[in-house]
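Everything on this sheet refers to the single structure shown next.
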Amino acid sequence: MQIGIIGLGKMGSNMALRLLTAGHDCVVFDSKSSAIDALTAHGAQGSTSAADLVSKLSLPRVIWLMIPSARVNENVRMLATLLSAGDILIDGGNSYYQDDIQRNHILKSFHIHFVDVGTSGGILGLEGGYCLMVGGEKDIVQYIEPILIALSPDKEHCKVSAASTARNLEGTAKCGYLYCGSHGAGHFVKMIHNGIEYGIMGAYAEGLNILRNANIGKQQNDGDVAATPLRNSDYYQFDLDLAQITELWRHSSIISSLLLDLTAHALLDDPNLDTYSGYVADSGEGRWTINTALDEAVPAPILSAALYDRFSSRGNANFAQKILSAMRQQFGGHTEATHEKAADDGISN
Amino acid sequence: MQIGIIGLGKMGSNMALRLLTAGHDCVVFDSKSSAIDALTAHGAQGSTSAADLVSKLSLPRVIWLMIPSARVNENVRMLATLLSAGDILIDGGNSYYQDDIQRNHILKSFHIHFVDVGTSGGILGLEGGYCLMVGGEKDIVQYIEPILIALSPDKEHCKVSAASTARNLEGTAKCGYLYCGSHGAGHFVKMIHNGIEYGIMGAYAEGLNILRNANIGKQQNDGDVAATPLRNSDYYQFDLDLAQITELWRHSSIISSLLLDLTAHALLDDPNLDTYSGYVADSGEGRWTINTALDEAVPAPILSAALYDRFSSRGNANFAQKILSAMRQQFGGHTEATHEKAADDGISN
Amino acid sequence: MQIGIIGLGKMGSNMALRLLTAGHDCVVFDSKSSAIDALTAHGAQGSTSAADLVSKLSLPRVIWLMIPSARVNENVRMLATLLSAGDILIDGGNSYYQDDIQRNHILKSFHIHFVDVGTSGGILGLEGGYCLMVGGEKDIVQYIEPILIALSPDKEHCKVSAASTARNLEGTAKCGYLYCGSHGAGHFVKMIHNGIEYGIMGAYAEGLNILRNANIGKQQNDGDVAATPLRNSDYYQFDLDLAQITELWRHSSIISSLLLDLTAHALLDDPNLDTYSGYVADSGEGRWTINTALDEAVPAPILSAALYDRFSSRGNANFAQKILSAMRQQFGGHTEATHEKAADDGISN
Amino acid sequence: MQIGIIGLGKMGSNMALRLLTAGHDCVVFDSKSSAIDALTAHGAQGSTSAADLVSKLSLPRVIWLMIPSARVNENVRMLATLLSAGDILIDGGNSYYQDDIQRNHILKSFHIHFVDVGTSGGILGLEGGYCLMVGGEKDIVQYIEPILIALSPDKEHCKVSAASTARNLEGTAKCGYLYCGSHGAGHFVKMIHNGIEYGIMGAYAEGLNILRNANIGKQQNDGDVAATPLRNSDYYQFDLDLAQITELWRHSSIISSLLLDLTAHALLDDPNLDTYSGYVADSGEGRWTINTALDEAVPAPILSAALYDRFSSRGNANFAQKILSAMRQQFGGHTEATHEKAADDGISN
C-alpha cells in the first residue's frame, strides 16, 4: 500500500521503517533533510515539501501525520487545500481528541476522510510493534488496515497471546490495533492510556522512593528541626538495592509490567539516577485526562496526583509553599528554614 | 529438603504442591483436615497438630508459616517453645516488618533462626512460581535456598529473562528470589510491593471509569441539579468497549502489565462487572506503606489515594460527606439530594 | 440609584431587600410571581417580563442578573436585543469566567457594558452583606459603586476592620468589594474562592470524621475481614463530642473560621447529622478551578481531592471500585464482600 | 493559684504572662536564664533547676510543661522522681496522644496525676487567649480550672459568643477550654486540629498560587517543551493583586477565617513573599493525624495532600521524580530538562 508520512522524528522514522520492512511504499517528508535521507536509504521515496509529497501519491491518497500536537492544526489546514476529495488523512500523534472532532468537521467539508490513531510503544515500537487505537469512519479504517497490521505487533506475537489469554475475544484487539469508534475515539482512548501511564509511573516512583529511604534511621537528624524526629530508628536500618529489587519484581510478582522492566534497566545502568535531575515534562494527555474526568464527574485522585507531581517537579508549587511559610511565621513566629532554632518550635502551633 | 508447612489456605496449599513437585519432603498442618488430606494425596505427610508436625521433622527443622498476619504472633510464641536451638522458622505470609524485628528478638533468645519472606504471585503462583523477597541472616537464607528455588519461577523462565533484559545483573533477582537484608527486609520490600500494587490497580481503575463514562453526552441531566451541567455534550458520545480496549493495551502498549492481563480477563468474562459491588478490602501492607512514608517524610500521594479509595468503597467517607452537606445547608440553604430544586442553587455560593 | 434585578431566588431576593433598605430603586422580575410579590411588599417595582422590566428602567439602564449559570447565556442574548447602547448588564451569579469574556464580546458589539460580579455570602449576606469580586471596565464599575456599597458589608464593619488589621491597605477591599480587573476577573476570583471553599470544607470534614471514629477500639472487628485488624485498640477508646469540640475551636484556635461557625451550629442542632445522607452536589466553580490549575500547570492536590470526594459521594467511583474487586478476584481468588472468609485472605497478595 | 512552669519559649513565656496578669502565682524555669529574668520582671518567681522549682511549690503541686515534644519523656521521668503523690503534672505542648497514655501509666504508679492539654493560639494567644483541649481525670481537670480560665479567651469574648451563636450549648467550650475525655483526649483533639490546619493552609495556598498565575497567557512559552502549550492564552491575562483579594475575602465571604486574616497580613507586608523560600516544616501532628486515619480506615486525602506538599517542599520527592525521568528516557528516549528539543517530544508516548 502506498502511504505518505509527514514528520520523521523518533516515532515517525521508526514507523516508516516498519512499514518499509512490511513492503509498503512510503513517501516521506520532514523539515530536516537528514531525517528524509536516513529513510530513502531504506527504500522510502523522499519529498521536498508537503506539496511535493502530495503530488507523489496516487488517489485516493493516504497520509500519516506524525508531528507534535501543537503543529497539527496548521498542517491539517494546509493539507485540506492540497488534498483531493476521497483522500485519507491520518493523525497518528498525540492530539487532543476534541481537536479531532473539530478537524473532522473541517476536512469533511472538503470531502477528505480523517482518521485519528493513538499510538503507543515509544522507541520500543520499531522492533515490537505499536499499539494502535483508531477512531473515524469504520470503512475508511478498514481500508487502511494493511497499514495498521504492519505497524502493530507481528502475527506471531498476536497468535500466542490469542491462544493463551483472550481465546474467546473476537476482533483485532489481540493483534494490537482496534477500531474504537467515531472521530476522536482513537485519541480519547490514547489520552486515557497516557493518563493511566502517569499513574502507574508515579506508583512505582513513590514506592521506590520509600524503599530508598529505608535507611534513614542511620542518619542523625538532630540538626533538622523542620522534620519531626523519627520515633524508632531501629526500624529504618535497611540499605536496599533498588536495581536488584526492581529486577526481582519482574519475575512472577503481581506488579510485573513493561514500565517495571524499563525501570529495572534504568537502575541497572545508573543505580542512583545521578544522570537525572528530576525535572519531569508532561505532554497534554495527562491534563486532558483530568479535564475529561471533571466533565464526567468521575473521581481521578491517583491520575491527578501523578500529574501534579510533575508540575511540582518543575518548581510550580513554590509560591504555594511560600504562602505556607508566611502563615507559619504569622501565627507561630516560625522562622523558615533548616537553621531555625529548635527551642520552642514544636509547641507553638 | 524436608520442610514443615503450617497454614494450607489458597497460598499455603499451592506452595506445598510446588515443593512436592520439586521433590521436597513436606510435612503439613492446618486446622482444616480436608486441606491436609488434599495434600497427602499428593505425597505430603500430614500431621494432627503443630506439635505433631514439629515432632515429625529432623533437626535442624525448617518450618514455613503461611497464615493470616493476625495469627502469626500466637504461632511464633507457641513454636518458640516447641522448637530446638538451631531450627529455622520462616514467616511467608504478609506480616508487618516491624513485627518481624520483634519476633526475631524473641526467637533469638531461644536460638531459633527467623526468616521473613514476602511472597507475591497469588493464585497464579502455583503454575508460574512465586516472587520471593527474603530477610534474615544471610547464611540461614542460603541454607534454605533449595526451597526458594523450588517456589520461585522455573529455571527456563529465569534463563530467558537473564539473557534478554538483565544480562549484566549478578545474583538471584533474575530467578525470582532475593536476599534483601536483615530481619524484616523481606516483608519491608513486600509491603512496598503491595503499596505500589494498590497504586497501579487504582490507576487502571480510574482510567477505565473515565472510559466507561465517555458516553455521558447521550444522557439527559436536566433533572440532576447536583451535577454541573456538561458544557459540550458532543464530546461525550463514545460507547467504548472496555474488554476490547484492555485486551488491546496488552499488545505493545507502554501500560502492558500482569494486572492489565487480569483486568482484560475479568472484563471479558463480565463486561459490566455486574458480579461485583465494589466493596474493596485492604490488607495491612497498603496502610503500613503509608505509615512508612510518613516516618521517612517521603510524599506518597498516589499510594495514599489508592488506599483511601478502598476505605471510601466501604462507606467510611460517609460522615465526612454529611458534614459537607450540613455546611452547605448552613451557608447556602441548600437542601441535600437529587430532588433539590434547581431554581437558585447555582448561585448561592 | 435605579436597578433592575432579574432572578429572585434565595440570593436575588435577599440582595434586592438589601438594596431597597439602602434606599435604591429596584425593578424586579422572576418567573415565579410569588417571588415578585414578596419584594413589592418591601417597596420594589414588579414587572411581568424581562422586556417589561427593561421598559421600566431609565437610561443608562443597570440590570443585575442573579440566575443559575446554565441560564445566563439565553438571558444575555435576549437582553442584548432589548437593551440600548450605553446600558450596563451585570452578571452576579456563578458564571464561568471564560463565558464572561465571550459574553462581553457579544455585548460590546451592541455597545452594552458588561460587568461580572462574583458574590459570596450565601444566606448570611442579607444581614451581614456580601463579598463582591468585580470585573469589567473600570469606569463602569465605578459608576455602579453605590450598588456595590449597598450590597457589601456595612460601613461600621468596614471601619473596624480597616482600623484593626489592614490599616495600611488602600482601596475598597476592606469594605468588601473590589475591582479585580478586566472582564471575567470577578468571576475568576470567585471561582478560586469557591475552589478554596471546597478544600476548607473537606479539611474540616475529614478531621471530624477521624474524631468521630476515635472509639473504634471499642468495637469488635472480628467479623470484618475487609479491614486490617487494629494493632492496639487501647488507643481508640475516646467518645468525643463533636458539637462541643467544634464550638471550642471557634474560640482563639488557629482554625477558627466562618465555616467552622456554621459547622458548630449544624452539629449543635443534629449531633450525628442524621438528617443528611452525604450526597454532595458540586457547582461549576470547583471543576473550573481545577481546569484552571491544569492550564497553568499549578499543582492543586487538595482542591482536587475535595472535588473528587463530592463525585464519590454521589456513587461515581463505584465502577472503578468494581475494577479493583475484579482484579483482586483474578490474582488472589478473593471473593468480594463483608462475608468473605478470613481463612487465608491476609496472605494471598 | 500557684503553678510551676517549665519551658519558657515563645509559648511558655506568653502563657506565664497571661497567668501572672490574671493574678496567679508562677514559679518558672528554663535552661535559658534570660527567659527566666524576663518573667521575674513581671512578678514570676524564678528557679535554678527543675528540682529547685519543685521545691518552691506547695502541695499538691501543679506543674505545666511547655517544651518540645521530643523532650517531654526525659522531663516526665525526671519529675516522676521529684514530685509527691497527689501532685499534678500538665503537658501543654504538642505531644503525641499515645505517649500521654504511656506517660500516665508511669505517673500513675507514682500516684501523680497527669493532664494533657492541647494548646492552640500561637503568638496571638498572649492577647487573645488560648484554645485549650484537655484530657485526663475529670476531677483533676476541674481542680486546675482557674488556670484554664486564665489562659483561655477572656470572659467578655466568651459571653458574646455564647449569646450570638451557641446559645443552647452548655459547658465550657464556648469559653475556649474543654474537658475532652480521658488521658490523651486533649492531645488527640489537638492533633486533629493541626491536621485540619494543614489542610486549610494548603487550600488557601493552592488557590492563591492559581490566582498568581492568572497572567500566564502573557508569557511566551515557546521555549519550554516540558509544558503542554496553553490552548487559549486570552483566558490568562489577569494580573491579580493577592494582598487586595485576601483582604477582600475577609469581609463576609464564606472563606473568611483567622488563617485568611494572617495571610492577608503577610501579603500586605511582602506581596511576592520574597522573604520566604518555601521550605516548610511539619511538626508531628500532621503525620499522627494520618496515622490515626489509617488505623481508623477513614479516608483523609486532603489532610494527606497537605502534609505531602510539605515533604515535597523540602526536596523529598526528588528521587521519585528522577525515577519518572528515567522511565521517560527508557520508553520515549526523552532527554530530561528545559532544553530538550521539542521536535518529536509530544508524540513518542
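Order of writing sets the labels: A, B, C and D. Residues in every chain begin at 1.
Methods note: a contact is a pair of C-beta atoms (placed from the backbone, for glycine too) under 8 Å apart; a residue touches a chain by one contact, two chains touch by 3 or more.
Keep in mind that what you see is a predicted model, and the values were worked out from it rather than measured.
The equivalent interface to A-B, defined as the listed pair sharing over half of its contact pairs by residue number with it, is C-D out of C-D, B-D or A-C. Look at where the CA atoms of subunit A average out and do the same for subunit C: the two points lie 36 Å apart. Distance from the subunit B centre to the subunit C centre is 41 Å, each centre being the mean of its Cα atoms.
Residue positions of subunit A touching 2 or more other chains: 120-122, 124, 197, 202, 204, 206, 209, 227-228, 254, 258-259, 265, 282, 287, 295, 297-301, 305, 308-309, 312, 314, 316-317, 320, 331, 349.
If you sketch which chains touch which, every chain touches every other chain without exception. Residues of subunit D that touch subunit B in their complex: 254, 282, 287, 290-291, 294-295, 297-301, 304-305, 307-309, 311-312, 314, 316-317, 320, 331, 349.
Against subunit B, the residues of subunit C that register as touching in their complex are 7, 9-12, 32, 66-70, 92-94, 96, 119-124, 194, 197, 201-202, 204-206, 208-209, 212, 225-229, 231, 258-259, 262-263, 265-267, 270, 273, 276-284, 287, 301, 305, 309-310, 312-314, 316-334, 336-338, 340, 342-349. Residues 97-98, 101, 120-122, 124-125, 128-131, 133, 152-153, 157-158, 161, 165-166, 168-169, 171, 173-178, 180-182, 184-185, 188-189, 192-193, 195-200, 202-204, 206-207, 209-211, 213-214, 216, 227-228, 230-231, 234-241, 243-245, 247-261, 264-265, 268, 289, 292-293, 295-303, 305-306, 308-309 of subunit A touch subunit B in their complex.
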